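In the two complexes that follow, subunit A is the common piece, with subunit B as its partner first and subunit C second.
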Partner chain A sequence: MIAFHGAPSGRSLAWCSTLLAAIVLPFLASSFVTQDILALAAWSAIVAMSMVFLSKYGGMISFAQVGIYGVGSYSFAILAVGHGVPWYGAVAGALVAATLCALLFALLVARTYGIYFLMVTLALGLVVYFLTISNYGLTHGSGGIPGVNPPHLGSISLAQPIPEYFLDSSVAFAVLLGLTLLMRTQFGLALQGCRDNPRKMRAMGYSVMSYRVIAFTLAGSIAGIGGVLGVWYNGIIAPSYLDLTRIIDFLAIAVIGGMESLEGTFAGAIIYAIVTTYASSFTDRYNTVIGLVLLAIVMFAPGGVGGLVSRVGARLALAKAQLTPASTE
Partner chain B sequence: MSRSSEIISAALLALFMSATASNVALSAAAGTPIRIGVLSVNQGPAAAGGADGFRGIAMAVKEVGGAIAGHPIKIIEEGTDQTGPTALAKVRKLVEQDHVQIVIGPGSGDEGIAVSNYADRQPGVTFIAGIAAGEAETYHHPNVFRFAYGDGAQWVAGLGRYAYSTLGVRKVATIGDNYSFGYAQVGGFVSEFCQAGGHVPKELWTPLGATDYSSVVPQIPSDTDAVYIALNGADAINFLTAYYAQGGHAKFIASSITVDESVLSAKGSIQNHLVGVASAAPLADTLEIPAWNSFVKAYKQHYPSGFAYPSVWATGYYTNAMAAFTALAKVNGDLSGHQQAFRAALQSLTYQSPTGPISVDGNRNGVFTNYVTSTQHGPNGTLLNAVVKSVPNVREETFLRGGVATPTHPACP
Partner chain C sequence: MEEFALTTLNGVAMAALYFLVAAGFSLIFGVMRIVNMAHGSLFLLGGYLGWSVAALTHSWLLAIVAAGAATAALGLMLQQGLLRHYQGQELTEALITIAVSIVIADLLVATYGGLSYQIPAPVPLGHSIRIPGTALRYSSYSLALIGVALATGLALWLFLERTIWGVVLRAGIDDRQMVAVLGLNIQRIFALVFAIGAGLAGMAGVLDGTLLSLVPGVDSSYLVAALAAVIVGGMGSLEGSAVGALVVGMATEFGIGYFPSYAEALTFAVMAVVLVVRPTGLLGKAR
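What follows is the complex of A and B.
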């Protein structure tokens, strides 16, 4: 019925119902699901979005995002726990540090493309890991910095499941919205131009290098936001939160969601959280289960959940078009 | 078109299906199960040991007949990979999803830091460390207890003095796994050895799970009398292989986990170098006390395919579980009122463990007997740790005088 009113209203209805579900869900689900699946998925999706954003709009698959996320987490922990800086100051410091780190990395990697870009960013991600493990004075070595607590807003503790969920999910939603809108601006279109045909863009007078540096730095700020929310969730930051396994974890979230879909990261993060949490109840070899899920996605749905949904959508539209007799509208 | 919203809807739908709204508080009525979560390692270099930890728990449950004062014991196991993030995710699941009232574990230093930190957010749950032995892990966490076996520095009590006065060693280089347990194991040895008058010119640190030690070996000064090795499981085997391949000849002294059962049962030429090695640990294969003998007998009977002797994992997890069960029996399984009665019982408990009496100090950290050992040939060509000295009443504060051990502290170059 509703579908016949045309695309825009159907779409907004879907959005509204999704939003409504996102608001109601935490009150129906157990506090475990609210915090350890949904809130975890929300901040993980932010980090994954910084990856997918670079890949989708900039054509850059970056493995350095987890390292930058770590810079955000560590900066917050060092400022708040080590130096007693109030939380808002520490958040600002963490975001500045993550952004500057991303800018530095961007200047190093902006000239590389393809597989080389991937390898250089992987190396940079691991540089952060090894720095945190060996720099005992600043980062407390492999044990890391415990005792990080999210702030209280009035009488509400952001460590509680429902407040944490609403904080993390609304920030994640704001990031999604911001990036989507930004990509419709002239800057966004130019960035996508640089992705598709850098030589032509250069000939038209655009500085491809600058666009890549700005995009990478912006993605770094987003990873830094994920870093702050992540360290609030975990209560601790340590090198093992930045090692190769975690880099692959976030990549898995991005791949499950679809490297071409910012919204897909939410689905990817939720699926990943569910599989990692519940698979271990059934088998000791839960890493194998995660691997198989990933393999199935890559083989049968290369576009991830995002790609799958749009493919099914296209199929349905096609079927409807074939079933519907000549339009009377 | 409506693709993005459909994706989110699909994800949320998946969630609705998985969401469980059961959040029922457990009352202390007779017959109510006591829910206990167990964290041990089941992946990575320490997986073999971690499996032995689960065996120790199973033995303890069996020993009390699966129930305490009419309350059946419900054990929920979770495996980790020796890292903080995994331990944290698993303990969250145990506490928030499975609603366990007591957590026993984890088994590794960095995991212990993450779990103790999490304990602050769950004041209603009592955490009893498995054998995670980072220093000061129970400090400032009133709901965290650690019977077996205190911190990693306590595990080598007696070894530094033994090396100086009995082995006559004066200059030692150390190599340790670069994490909290490694710091504690090196720190415990170095502080005692330095006090005795020895010198440690070089302290080397390598990442946990490293496979190639060939670049580390040349950094060991050639005039050292002995190398003190604080590497675990597979790491120790890899280091020793590289060390002897490059013509290493110094005597070696081992930390508690370097020549534990998982290394002693390693096959190959490495075995030739493992005879007559001094080390120290809270237990030893040939301990001549009746409680140990009957524990070993029970272990071999239940697990003929396990290690030759119960490892520190099996013994430690067993001891912590039995301490918890003994305290629970004293309060008739009463965990009401924020578990205050249970915690008071734990605090005042002296449990006669397989390795000797064990209790906790004012910081809820273990006080126990430690053993200096030397490796010897046992029956059927196996190797075992023979006791050469026992050190009673080892307390954590002895080693914490200058603060928690770090890669550069304590030192005496």
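What follows is the complex of A and C.
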């Protein structure tokens, strides 16, 4: 009984200290670190979470998330910069566009599974990239749309490092919390059932296809949120933000954090931001460094950081469980 | 009318290149269930190597042979050194090829920079010829390219249909466990298919570097063309790759020729229709 109560309290302790660090850190760090590491990591984690969510709970490894994220970014930029729509209207438009795009993709891919699903979604993601390059009227070709500004809330500009960080990180935490809670509902359990045994779920009268479509669309909305925050952070959206390298960037964040761990995306995004920021200062070949890091993680720590943490946690819980019988007797 | 005929010929020439990339990609997927994300990188690497060899020796033939051999050897190393230990773990295999593709792409940028390179066409194919029976003139190199793709397709077909290796390989596509149970050395087949696929990609790189040009980014555009071709045509089938490559090549060229802003949308639309009507591709087997 003691072990049963002990395990969650250790976990909530870890959560509380992480949350505390997330609140205090930006005030201790330089504004460069707050913006270029922490804020970048926070919104990148949202995009990676949309990928990990689909993989973990839906069994769908989607490479289309960056394309959908791009639809969100472009829609915001086109509405706000091109048509002068106020920011809240442009945000709403961007989320609707990303969600509709995800729904369209979902209807196309819902009948494909496994590695084939991966391939089809990769092709869809790259289609968005090539469309934005070849289209001048709407997306302005390879130059993209510069001059995107985050809004002002009263006297606070969301372009400032600390407000931007708190916005991005609180949205990221909200997404994490929302998804975690959603997966405990009837819907979440049914989705996981569809992941584990689609034939059985079908026999039980569930429409597996609908669950997959809904999950993919939801993940698309989340990627769209990341798209809005991302375009605020970058100040520009261009095809080069959606190309294969970028798809791999977000995949690397998800893999470093662990494809089975939503929380892990935060660790993955911070590690990734640190490596890209600091590796580029001592070598031009930082992409090679990233490739080798990715290779090492895939080969030696397939669960990523999240997998390592839960393995250590399990080991600690085991040690505790071995200790407690003696004390309760 | 002349524009239409030229666009069609361009489409067939693009399809020839796409086929050479897609056939290897599709065979590797068909036999090993590996989505080889490094296929585009092998393609670009082959192109650059071919350029270097051609610059040194002034021989186009030597360039394409060297590029094919080098990328086949690299593919073999990738399969034997890394992928072999993760057989059946599809995501891990895809991620390994992604990591390798990042490293290859970055090292290519380090070596060749961002400039565009063109490989001079072999001397007898440097000009255009009149197509018999018409007033149309067309690049003899592009016509030769179509011939090379046809010959390669025929050779692959003969290999698959008429040799004992091909029989084992096709059996491996249908049921690789059964093949292994029968005591056939499936590992050797895997290695062979990977080498052939990688070598074809490298040779296609040289052919593309002669037809168009080589720049960073070409790797992902050919990867996506190969993806689209096998999604449309069907996975693991040689005929499927040919049909898919033809559809994608035509869609690309007609898109560029007639509505350039939405050229990719046409390829996408074709792919979407195929996915809705036949999720396994036009010639793919239902699984």
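FYI, the second predicted complex is superposed on the first by the 312 of 329 C-alpha atoms of A that agree within 3 Å, B and C clash if a C-alpha of one lies under 4 Å from a C-alpha of the other, contacts with A are read in each partner's own complex, and residues count from 1 in each chain.
By definition in this document, contacts are C-beta pairs under 8 Å (C-beta built on N, C-alpha and C of every residue); 3 or more make two chains touch, one makes a residue touch a chain.
Please read all numbers here as calculations on a predicted model, not as lab measurements.
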| query | For the overlay on subunit A, clash or fit between subunit B and subunit C? | reply | clash
| Contacts of A:V33 with subunit B and subunit C, given as first, second, both or neither | first
| query | Can A:N287 be said to touch subunit B (first), subunit C (second), both, or neither? | reply | both
| query | Should A:K56 be classified as contacting the first partner (subunit B), the second (subunit C), both, or neither? | reply | neither
| query | Is A:Y136 touching the first partner subunit B, the second partner subunit C, both, or neither of them? | reply | both
| field | Which of subunit B and subunit C A:R212 touches, first, second, both or neither | value | neither
| request: Going by the touch definition up top, name the partner, subunit B or subunit C, that contacts more of subunit A. | output: B
| task | Considering only the touch criterion stated at the top, classify A:P302 as touching first (subunit B), second (subunit C), both, or neither. | result | second
| request: Scan A:S17 for contacts with subunit B and subunit C and give back first, second, both or neither. | output: first
| message | By the touch definition at the top of the document, which applies to A:Y116: first (subunit B), second (subunit C), both, or neither? | response | second
| Overlapping segment of subunit C (options 110-118, 146-154 or 254-262) - the one that collides with subunit B in the superposed model | 110-118
| said: If I apply the document's touch criterion, which positions on subunit A are contacted by subunit B in one structure and by subunit C in the other? | reply: 133-134, 136, 243, 245, 284, 287
| Hey, which residues of subunit B end up touching subunit A in the complex? | 1-12, 14-16, 18-23, 42-43, 78-79, 81, 83-85, 88-90, 92-93, 96-97, 109-110, 113-114, 116-118, 120-121, 134, 178-180, 183, 207-208, 406-408
| In the complex, subunit A residues that touch subunit B | 7, 10-11, 14-15, 17-18, 21-22, 25, 28-33, 35-38, 133-134, 136, 141-144, 146-147, 159, 234-236, 238, 240-241, 243, 245-246, 261-264, 266-267, 270-271, 274, 276-278, 280, 284, 287, 305-306, 309-310, 313
| field | Of all residues in subunit C, those that touch subunit A in their complex | value | 29, 33, 35, 82, 86, 90-92, 94-96, 98-103, 105-107, 109-110, 217, 220-221, 223-224, 227-228, 230-231, 235, 260-265, 267-268, 271-272, 275-276, 279
| message | Help me check something: in the complex, which residues belonging to subunit A touch subunit C? | response | 61, 107-109, 111-112, 114-116, 118-120, 122-124, 126-127, 130-131, 133-137, 243-245, 248, 251, 255, 259, 284-285, 287-288, 290-292, 294-295, 298-299, 302
